[in-house]
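Structures given as structure tokens follow.
Both complexes shown next keep chain A, but they swap its partner, so chain B is in the first and chain C is in the second.
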Partner chain A sequence: MKKRIVILLIAASICLTGCVEKKIVDEINIAIAAGFDSGDEKDKFKTTFLMQDFMKDMSVQNRTITTEGNLRREVLSDAHKQSPAPVVVGGMRLTLYEKSLAETGLGEYVDTYQRDASIGTRIYFATTEGKTEDALKADYGLQGNGSFISDMIEHNIRQGDVPKTNLAVFLHDYYQQGKDVYLPHLKKIDDQNIDIAGLMLFKDAKALFVLPSEKLFYFKLLVDQYSKGDFTVTLDNSEKASIHSIISKHKFKIEKKDPTHLTINIKVKGNIKEYTGHSLSPSRIKEISKELENKVEKECYELVEKFKEENIDPVGFGAFYKTKIRHFDFEKWKESYGDLTVDVNCDAAILETGAIY
Partner chain B sequence: MSIWDKFKKNNNDWQTLLKQSTDYQSTYYINTKTNNRFDFHFFSTLIDEQIVQESALPALLNEELHTLDDIKKIVPIADVQISKDPSDIEQKIFNGYVLITLDSDKNRYGFIAAQKEIVRGLSQPEIEFSVIGPKEAFVESIGQNLNLIRKRLPIKELISEEFTVGSLSKTRVAVLHIEGITNSENVETVKQRLTNIEIDSISDSSYIVELLSDNSNSLFPQLLDTERPDRVAAILSEGKVAIVVDGSPHVLIAPTTLIEFFSAFEDYFLNWIVASFFRLVRVFAVIFSILVTPIYVAALTYHFELIPSDLLGTLVTSRRAIPLPPILEALFLELTIELLREAGARLPTKVGQTIGIVGGIVIGTASVEAGLTSNVLLIFVALGALGSFTTPVYKMSNTIRLLRFPFLLFAQLWGVLGIVFCFCILTAHLLRLTSLGRPFLAPIYPLRIKDMKDSIIRSPLQDMSSRPTVLRTQNPKRFNKKKAKKVNDIDEESAK
Partner chain C sequence: MESHVVPDSAKISPFLVYYVIISLQVGIGVLSYQRILAKQAGHDGWISIVIIGIVIHIIMWMMFKMAETAEGDIISVHQYVIGNMAGKVVSFLLVFYFMLYIIIVLLNFIEVIQIWMFPDLSTFWFSLALMILSTYLVFGGFRTVVGSSFFGLVLPAYLVLTFVFTFRYTDFTQLLPIAEHSITDLLKGSYYMSLTVVGFEILLFVYPFIKEPKKSKKWAHLAVLTTTVFYTLLALISFAYFSEAQLQKTIWGTLSMWQIVQLPFVERFEYIGVANWILILLPNIVISLWVASRLLKRTTKLRQRKGTILISVIVVIVVKFFDTGQEIQALNDLTEKIIFGFAFVYIPLLFFATMITKRVKKR
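Presenting the complex of A and B:
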């Protein structure tokens, strides 16, 4: 019996070796980023794969392959024909969508990403103002365009005002009722520069409009934690203070008597980084935080009103209501979304005003 | 049937065979008082002639000697034996006794002990060297070794039972345990297995390891060998059995566990936090040493997704010029290190130093420059080799060196899945392994939280107040934990 098992194991290990596809790291072309553009013909789209060629001095040279097709897998096999080594998508860190393509709906494009087990769920999605091919073909820095853009998004999520988005979050929001997806929106400035121009808001996975970057901080306050960002408060005596937020929390509260009324409590903690006035007395600090509260309340309220006006729900009010109300009816919710009244309360705390008084 | 018995069948004269050896000597003397003729038979290489000349001979020549029993009265040597059995002759003569035959007492034989002990002086432990702590190591003599142990455990409960193993070598093997502590089942198992051994010669205690092991096909040594008397004494008081083999500077300890192979005895001389840290480092080093090259091969051959994107550039650039696939590259380097180690072990010490230079500098750098291996892998392989050297027990470090090759093979065949597969087989094997019937993987499996005090970490001495539960000792308590350490203020003491 034992012998039989041993023989079986040896046979299996010899016979099954062919079953696993070898992908030796220097004999494949690892696509680090992909971009989807609308094609010249209808129903077709262009795909650009960005590859990294590692140079001897550790710098990275960008190489792109652009193919056209109407099925995503077909596009990949076309890409093989333009590459010296098989193109693999497992190392993908970033996927860009052209704005005009995103406006037609992203659902089917995301589908391949959730079916391919080799693709991680932490890759970033973004939309671009112009053609993604142009965005990927530029030359942004030594680390390569793919790393440049994904690093840019990553640190702005971690330490900046871009709310967290990646494949996992995107899919979660996409399949969840009562929440609309959003993606960072990139804009290529010139051949060396690209920036995050704002946040693309979607309605049913179709791109709708771009939230400008000034509003990003307030949007992140509503949807995410740890909003970090700098903003300026002007006091009555025209003195200005720059405040750096380090931590934020938000809480939704439904009024029991009137479920159409929602209270949003936001807590912001931050430091004063710059102050044009003479000295910061405790009363002045209070004034500043009061001013800050007013500003957050106003901006956030405006954002919610804007969403209601556009009939989109990127904050996920619907998803929140679903967790609070038994037998929640989404059809009814959609109809009554416009009637929702929102109250924003902000509680700001200044933690630090500087080392020297 | 021994050679001696065969010979006796053909010829009744026991001297014929002995006389063929040139160092066998046989002389006769005549007692001055009784005119009785007596013969001396001995091997000049085995006896101390000074004892014979200064103690035995003057008395035998000048005092009254009528029968063999008179020897006991007149010779000032403690070990004098009289026997009627001619089969004793062989055993005694070859153990350094002088055989005395008396013309008037032909059927009996007298033996006087005059052993010449050639003992190497005590030296420092070389394999289990420790910076602090005792510097004594065992030598090749069983008498000396037992002396070293008994000095550390001067109690009547320390029992030493001797056996003779090997039909040709007649090796003396002593089994030591402390009565009242050690589980008698363990002692009986050792004794039973020792008496069952049928072998012609024992060259070293390693023979006993192989012959006593529960599973001699296993890569893992199931008896711990040590050259430190302090370790043997400590482990005996823990309730284990020690086996001392004549002619071997390594004393065996049984039953043992896997964890014990990764604890250096110096751990007990250091602060417990420092010692625990070193043990953790050692365990990490072993895991690292086994897995680093297989993971490299698996990641580079199958799982490029696992490689962080910042590392990818380094790996790809270092591998670009290399014509070999990762597995051949890794095997090439691993075999190079094995060759270096083997060459270093076989060469005389002085020549051996050049090996380090040849291996480390020439082969290492040159193979990278020649484009045969990538410098990233070179670092991994070198670190892995370094990790395998941290194991305090030499036999275990050999095992670890070998273990990585199946891992490497399966990493190439099935990637990380292969590594997991190999790991499962290794775990299953370790779980089944026993040492003297006691689980080898204790206290991890079966899990004994109480025994964890001296495993991956080394807890403070006063916390080690009980003996390992897996040993099922007769007295599980070592000392009173509460009374073990009392730090009283000197003023309090005087106030009493």
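Presenting the complex of A and C:
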């Protein structure tokens, strides 16, 4: 009896393996990146899929497929018709949006990326200055264009000035009341080079304006905890010091008497990497950290004022107020956002000054 | 009373009750309980879990009291309270309860596989294979069933560690302000948790199979505590990881959190997670199947082996009739009501009935 059941079991499991469609890695085209451009006709858009072919000599060849359509899935089925093997999106690492397309809103695109469970949430979203098709059709490096751009964004998040971003963060902020989304903004320089030109700020999922890259460090101080970044201070006597921040923290505090007043406390700890003056005496270091504090306070304050002026909230003040005030009314908050006053206090500490005195 | 004395060789050690209860409690609900919590109780959803956890401890205490009074399982309790024949009839209805439970587990898991891994997986063949495996395990006797629940808990336990990957993207201040929602909202959240936490009532069915049942008390309560803590922690992480409106749209919160996991040797961790989940679900099916077939054996004269096969066949046939996600959702809603009614309303009522009967019989 038992033996018979075991045989039956094995037979059933053999049947099962034939039940589902197999996807063998050599027989599919893994789209590593996708780009969306506004199309020639209204309501249509162009999509570029970037595939990587791995060559015998270990190099990577970029191949792109461009199709036009008005539903994101429809585009994929069109792409199948141009490809020798089915295109799958499970290995996607990057999705680019043309600036003019992002300005009309990314809300519709969110649905596909959420509904299709085969797409991971680690992928990066970014906007581009020109056509995404051009940005993907280039030759940036040996590892292939898709990996090049996503690696570039990744290490800039980990060590540089770009605030934490990927699909998970984007979706979180997109659904979060009292917070607006932001994405890195890329600019293709020439056929071999592309760089992160800044950060695209959105209002209700519609692209609004680009925050230039020199402001990114201050923006990152406001939105990310424990972040790293580099920036330069100029002292009174035009000596310059480059500081690498190792760790930063921010804390928001609502004034009890006047809830429209917000205090932002920022703590930065960093090392001096470069100094153009003669020697770094303790008083000099103090001067540098004082200058650093002033600069952070000034720049962060200006950023918040700018956001208020544009009526956007990428820092998530609204979301913060919600956690602090019971039964928080977002309608009222939207109306009174312009009345918000902020104070920025920065506390900077220079930990090390490098291997020379 | 009829012969339902269990030989010592078929009994299990008291500590194994811990694994039996946890493996039946942790099942298909864990993949998706966050959404309904977020809908009912917002970011305070975790309080609902704590509430229902406390309730389960009370019911657990009641069940031990009942089993001790009637000196046996739920059939003995029924017979103790309403007499021999009526007791059997009522107990017979519970066969359908466990069949429904197996069907729910199968349907929901197959739906998960179809959406997350293989859209063209055949519901029939998969459920057939799984039911054959479960039948085979039940044929091995109660100790084999408990063995499957032990491995069903220990082997996939490493999955808990994978949630560490989400910590880079969690913001625990989102849980503030605590207790912003009304007590009715929280209780509603608790109600919708019932399908996820259910399984503890198994004690009333396996009681005669425990060696020195008094010693198993602490293990049973520890099991309930473990699952409650696990559910609460996972809910806390989910509420910190997703924004509230996002969570209300995300059907499988736990699976969606795996989408962020990054390991050098696997691009998409959900595949491993879903595949592993079958180890967690197998004891759910096996224990339910064993209980249902034993109920059949005790209430009718059907042999347990035949009963097992009969139930498996019925389950496979019923599962075949469900195609769309909406149908499954409708069955889920119905099951929720039945499960809540049985575990959280009927068992306490039965407890009071037993206590009254005890008083009356003493006089």
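Heads up, the rule we're going with is that the second predicted complex is superposed on the first by the 339 of 357 C-alpha atoms of A that agree within 3 Å, B and C clash if a C-alpha of one lies under 4 Å from a C-alpha of the other, contacts with A are read in each partner's own complex, and residues count from 1 in each chain.
One rule holds in what follows: a residue touches a chain if its C-beta (ideal position, glycine included) is under 8 Å from a C-beta of that chain, and two chains touch if they have at least 3 such contacts.
Being a predicted model, the structure only gives us computed values, none of them experimental.
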- Task: Answer with first, second, both or neither: which of chain B and chain C does A:90 touch in the superposed model?
- Result: both
- Query: Of the two partner chains, chain B (first) and chain C (second), which one does A:8 touch, if any: first, second, both, or neither?
  - Reply: second
- Does the superposition put A:323 against chain B (first), chain C (second), both, or neither? second
- Of chain C and chain B, partner touching more chain A residues: C
- Determine, under the contact definition given at the top, whether A:26 touches first (chain B), second (chain C), both, or neither. first
- Between chain B (first) and chain C (second), which, if any, makes contact with A:172: first, second, both or neither? second
- Message: Looking at A:55, would you say it contacts chain B, chain C, both, or neither? Reply first, second, both or neither.
- Response: first
- Which partner does A:114 contact after superposing on A: first (chain B), second (chain C), both, neither? second
- Query: Do chain B and chain C land on any of the same chain A residues, and which?
  - Reply: 13, 16, 20-21, 90-91, 118, 120
- Message: So in the complex, the part of chain A that touches chain B is made up of which residues?
- Response: 13, 16-17, 20-26, 28, 30, 32, 52, 54-56, 58, 60, 88, 90-91, 93, 118, 120, 147
- Note on the structure: Given the complex, residues on chain B that touch chain A span 299-305, 307, 309, 312-317, 319-320, 322, 325-326, 410, 413-415, 417
- Sort out for me which residues of chain A touch chain C in the complex. 2, 5-6, 8-9, 12-13, 15-16, 19-21, 90-91, 114, 117-118, 120-122, 164, 168-169, 171-177, 179, 319-320, 323-327
- Note on the structure: Touching chain A in the complex, chain C uses residues 115-116, 118, 120-122, 125-126, 128-129, 132-133, 135-136, 139, 168-169, 173-174, 176-177, 180, 241-246, 249-250, 255-256, 259-260, 262, 267-268, 270
